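We call the chains A, B, C and D, going by the order they appear; numbering starts again at 1 in every chain.
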Amino acid sequence: MSLLEIRNLSVDFATSSGQFRAVDGVDVTVDEGDLLAIVGESGSGKSVSMLALMGLLPWTATVTADKMEFDGHDLRRLSGRARRRIIGRDISMIFQEPMSSLNPAFTVGWQIKESLRKHTSLSRSQRQDRAVELMRQVGIPAPEKRLSAYPHQLSGGMSQRAMIAIALACRPKLLIADEPTTALDVTIQAQILELLTGLQEDTGMAMVLITHDMGVVAETVERVQVQYAGQRVELQEVQGLFDDPHHPYTAALLAALPERATERKLPTIPGVVPGQFDRPAGCLFSPRCQFADARCKAERPVPAGPAMGHALCHYPLSHGHPTGKETAA
Amino acid sequence: MTDTASQSASPATTPTAPPSRLREFWSSFKENRGAVVGLFVFLAFLLVAALAPILAPYAPDAQYRDALLVPPFWQDGGSTRFLLGTDALGRDLLSRLIYGARFSFFIGVLVVTIATTCGVLLGVIAGFAPRIIDTLIMRLMDIVLSFPSLLLALVLVAILGPSLLNAMIAIAVVLQPHFVRLTRAAVLSERSKDYVTAARIAGGRPLRIMFKTVLPNCLAPIIVQAALSFSTAVLDTAALGFLGMGAQPPTPEWGTMLAEAREFILRAWWVVTFPGLCILITVLAINLMGDGLRDALDPKLKRS
Amino acid sequence: MLSFFIRRLGTFVPTFIGVTVVAFAFIRLLPGDPILLLAGERGVSAERYEMLQEQLGFNQPIWKQYIDYVAGIFQGDLGTSFVTKRPVLDEFMALFPATVELSLCAIILATIIGIPAGVIAAVNRGKFFDQALMSTALVGYSMPIFWWALLLIIVFSGNLGWTPVSGRIGLMYFFDTPTGFMLIDSLLSGQPGAFRSAAAHLILPTVALATIPLAVIARQTRSAMLEVLGEDYVRTARAKGMSPLRVNGIHALRNAMIPVITVIGLSVGTLLAGAILTETIFSWPGIGKWMVDSIFRRDYQVVQGGLLLIALVVMIVNLIVDLLYGLFNPKIRKG
Amino acid sequence: MSAPVLTASNLKRHYEVKGGFMQPAATLRALDGASFTLTPGKTLAVVGESGSGKSTLARVVTMIEPPTEGELVIGGKKIGPEGASRDRDLRAMVQIVFQDPYGSLNPRQTIGQTLMEPLLLNRPEIDRKERDRRARDMLSMVGLRPEHFDRYPHMFSGGQRQRVAVARALMLEPKILVLDEPVSALDLSIQSQVLNLLMDIQERMDLAYLFISHDLSVVRHIADEVMVIYLGEPVEMGPKDVIFDAPRHPYTKALMSATPMADPSDRKERIKLEGELPSPMAKPEGCPFNPRCWRRQEICLSVEPELQGGNPAGGGHCFACHNPVPEDETAAA
């Protein structure tokens, strides 16, 4: 059985100019000990779907799903109180901006121990010991001293380590890392990614890494889910994804990476991600897709089979060439 | 090159062009029902002020010796001759209130104009000037702000002599530090943005950068502050009038009317109630509008 | 924190000097001969004029006058009232407790209602409760308090007869006032009913005076809370599974209090301004009424001294508020 | 190789930080001795982490701030610590494109006004009609459409705004374009559009680029020469291929190693750097990199290494290290 199973998740936001669909029928499956990346550009809904899972969206959001199950609990039916017993203990999350994600008014130690007090039955001194242990585990030097530091006294990298310590406090089964290194420098990014993968191996927890950086994906995870304009367009093993992307968007995105370029002129994806007012009728990627035909512009595609990376495409690619086009035409 | 151009151009733009600034402003302003109500009340107030001689049934200072302290028409002893009753000198309350709107409007416009002009000018200078001048201006403002505003206004009027005009000058002086602080803060935060640097690299001279590049982008909070100051001006002038240091009797200014009516509070409630109600409604309408302006102009609140 | 304190003092001193200049200039800016103004309407003989000029130092060069004036301030000499012939400082100290008592009650009332109201409105943003509360706050904010005070008198003293119209305590009570705070002194006196009378006299002025700060605090708390509720660390607290009560009441409120404290501090200035009106209407024998009376009596030495002392009070309160602000904000306290 | 259009020698930019009570005033050495040249048609990329002084360098080269020490020679004119003269032609020669496409355009100006402003201020001899024409030409050159001329910035996406920013920078026909992280804020699919535009324009107008970035894969694609800076000091400099294929400075090597490559089959063992970038106010004694360096020796703690090899001011490969990575080892990276 999967640790996390989400089927057909949709999230709508009420804006002053009408409803805006940020997530559009996304499926997510995570097994125990899994290491999954959700990749996409801004507006792909990659963070929103995970925030919906955590119940962290503002009240303007409407969340619907056919199934949202974590570790045997149906999250859709859970009361707020019961849900909060899981959130922060079995599922925890770290965010993009480590500096602003810690509460500036409290010490780091207080913020770690708060989780312990809420979710465990540890005594005061046990909480202190556990906090020190956690700080050491995430590689913060002089943990006893740093426990009484305020967030503004820590650098970005240290803040993210402290956030990880908070997230790990109750030994979660699933850690969601939402662009954990985007705000950090490369050398610090390398440290944090190594810390995260190391911890994931040591504790056996599952991890979902949300990112826009293909390099980070390639070096870190096992499976990759690609999202575009709120939809899941592809799901593959990492090696397969980079060798033989099945969705034209994935293929174009990889081709646009400067490091994969073969000539000076970079291949581009024309246009921009559709916004609230210009969602195409058929396939959402069709206006920017070099393979799109009349069918793509009119009809919404359905996901292909696992062999084709679940590609949400009428003509999924195989080694760079669209398949099934002859039969359809 | 042509390739890049055509590629990006064709699908890049949205088919429906996003709304213009003004339209966007109006659509978010009208979302706030209170603000729209405030706007209409304010427009009505303007209309009354403009048309006072036509709307008022009597002259504001005409005394009817046969009708002293007549109650409003719906009370025993009242009549439709004086709809809202008369005061202790037999003057029609309704007419005096209508003429009072003129004073309040005049006060608001003048005070806000003086305070905004001086305050914004000083604020922009403080935001751009070298540190010494900046410090000097801000210390001066601190000194003004160290005195409770009404007390300072009272003392200024004591120096200048009690009159409506002097009261307005005093209130403008008291209000103006808020504009200085606000403008300076806005200028400081705009000034560090890249478009200002870009304008400097493009060869913009300091004066152009100050007033043409930066100031227009600081206007939103200033406009809101101006709206809210309008209500403060009306309120404080009335307070000065009430204390006998503003408009002098028999001027039909609302605060002065209240002061004259004070001794009758337990005998004739209407002479006290109506002028105050007029002040409250006017001030409330302007504040409602100001809140609406703030919500519509401040993108930080708008998007949350 | 220490360096913050020193920096803050660095702005206090120049401002204080500026305030002394303003107070010093006040009498000299008045139209007419300052000595004739100070002497009042009855005028003075030429002999007495000479004497006054000597005594007040108006025959000295202006810079010398200023230095003498400031030197006088540091010796507690703020001049003498021409009406009562008592030193200005003595009069101020005698009346100040009445104003402090009233202002303190008003600010406490405004804070204990205003902060919870703002928090509840922010948490229920857009719902009926929020709208009702914020509409009420806006009416309070727009209220001409001199009129509001009169209405309160009409209803509660006139129609209902519940509360007295003016003064601090009933005329039948007479006792020593060691602290100057009528609520405390009446308790200490042990006279039956004295405390009740003092409290009854305090209610309406307190309500009238608290109205605007209450509205301001409620509005500011709401907007500070709304801002804070959108911060990343509030999301973190929710991601830790904290209950809404804890998220709003501890994680958010603690940070939202930082701007609210500033507003409460600024309200003190508003309060003293409001006290001018409130004390006048309720015949409350405090410094606000004293100032207004002195302006009307043309007792300018009192106005000058009062101006300086009130500004000093406002500045000291602001200083304390800024230090409190530092205590609430670890960024200032630590580093 | 054509003659350099800009020569920078030993550029420094220090800021005095006022001390508080009982804290002495300190000097922030944001930029501490950079020498390089820019050549028409070529791109010099400046690579470093945040706080390394990249953006300060951009501000000095665009003459927004004068250097504290050292000098710039632009088109034969010297700019030293006394600052640049109000020489319009000199200022017009260097233009800049900023990182944040949202903050770099005046929200109250239409795109047309934004583009015409530089001409209005610097070429008063050009009449209104001609200004308008040139702005419209430039708009189409950067791949925007004529109807965009009268629109306001808030109606544009990040990529389009960045095109406008490029267009504005080109209005005065500069010789040098400083690009301060021009694509960092853009999505990957938009990034390649803007990079193509930049390369295309460089070719057409024979511009010299100073390209500031933290993204090594972008740098590798666009640069001709690379300068790596650490705490305000250049630590290694040279032709792109040499820097990427055979870095000698341990910091360069660590930076390369830390950059994730989009190739899952090549999950290499990273060189892990200890600690974080120290504050430029408290630079370590000796080599600035010594607290984080894994090849640290005794000498590194006390003696600051000089740039060696090549010609620090005019190309060639040079690096500042007492114990550089051996050449045979670098190839393995």
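Everything that follows uses one rule, which is that a contact is a pair of C-beta atoms (placed from the backbone, for glycine too) under 8 Å apart; a residue touches a chain by one contact, two chains touch by 3 or more.
Just so it is clear, the structure is predicted and the values come from calculations on it, not from any experiment.
Common neighbours of chain A and chain B, listed by label, are C, D. More inter-chain C-beta contacts link the pair A-D than the other of A-D and B-D. Innermost chain of the displayed assembly, by C-alpha centre distance to the whole-protein C-alpha centre, is B. The distance from the centre of chain A to the centre of chain D, each centre being the mean of the chain's C-alpha atoms, comes to 32 Å. A straight line joining the Cα centres of chain B and chain D is 49 Å long.
The distance from the centre of chain C to the centre of chain D, each centre being the mean of the chain's C-alpha atoms, comes to 55 Å. Rounded to whole angstrom units, the spacing between the C-alpha centres of chain A and chain C is 54.
Chain contacts: chain A has residues 268, 270, 272, 288 touching two or more partner chains. Chain D has residues 157, 159, 193, 196 in contact with two or more other chains.
Touching of two or more other chains is recorded for residues 4, 7-8, 12, 18 of chain B.
By the touch rule above, chain D contacts chain A in their complex via residues 49-50, 157, 159, 187-193, 195-196, 199, 214, 216-218, 220-222, 254-255, 257-265, 267, 270, 272-273, 276-277.
Contacts from chain C toward chain B in the complex involve residues 11, 14-15, 18-19, 22, 26, 29-31, 135, 138-139, 141-144, 146-148, 150-151, 153-154, 158, 223, 226-227, 230, 269-270, 272-274, 276-277, 280, 291-292, 295-296, 303, 307, 310-311, 314-315, 318. By the touch criterion stated above, chain B contacts chain C in their complex at residues 34, 139-140, 142-143, 145-151, 154-155, 158-159, 161, 231, 235, 238-239, 242-245, 255, 258, 262, 265-266, 269, 272-273, 275-276, 279-280, 283-284, 287-288, 291, 300-301, 304.
Chain contact summary for the complex, chain A toward chain D: residues 41-42, 155, 157-158, 185-191, 193-194, 212-220, 238-239, 241-242, 252-254, 256-261, 264-270, 272-273, 288.
For chain C in complex with chain A, the residues that touch the partner chain are 231-233, 235-244, 251, 254-255, 328-331, 334-335.
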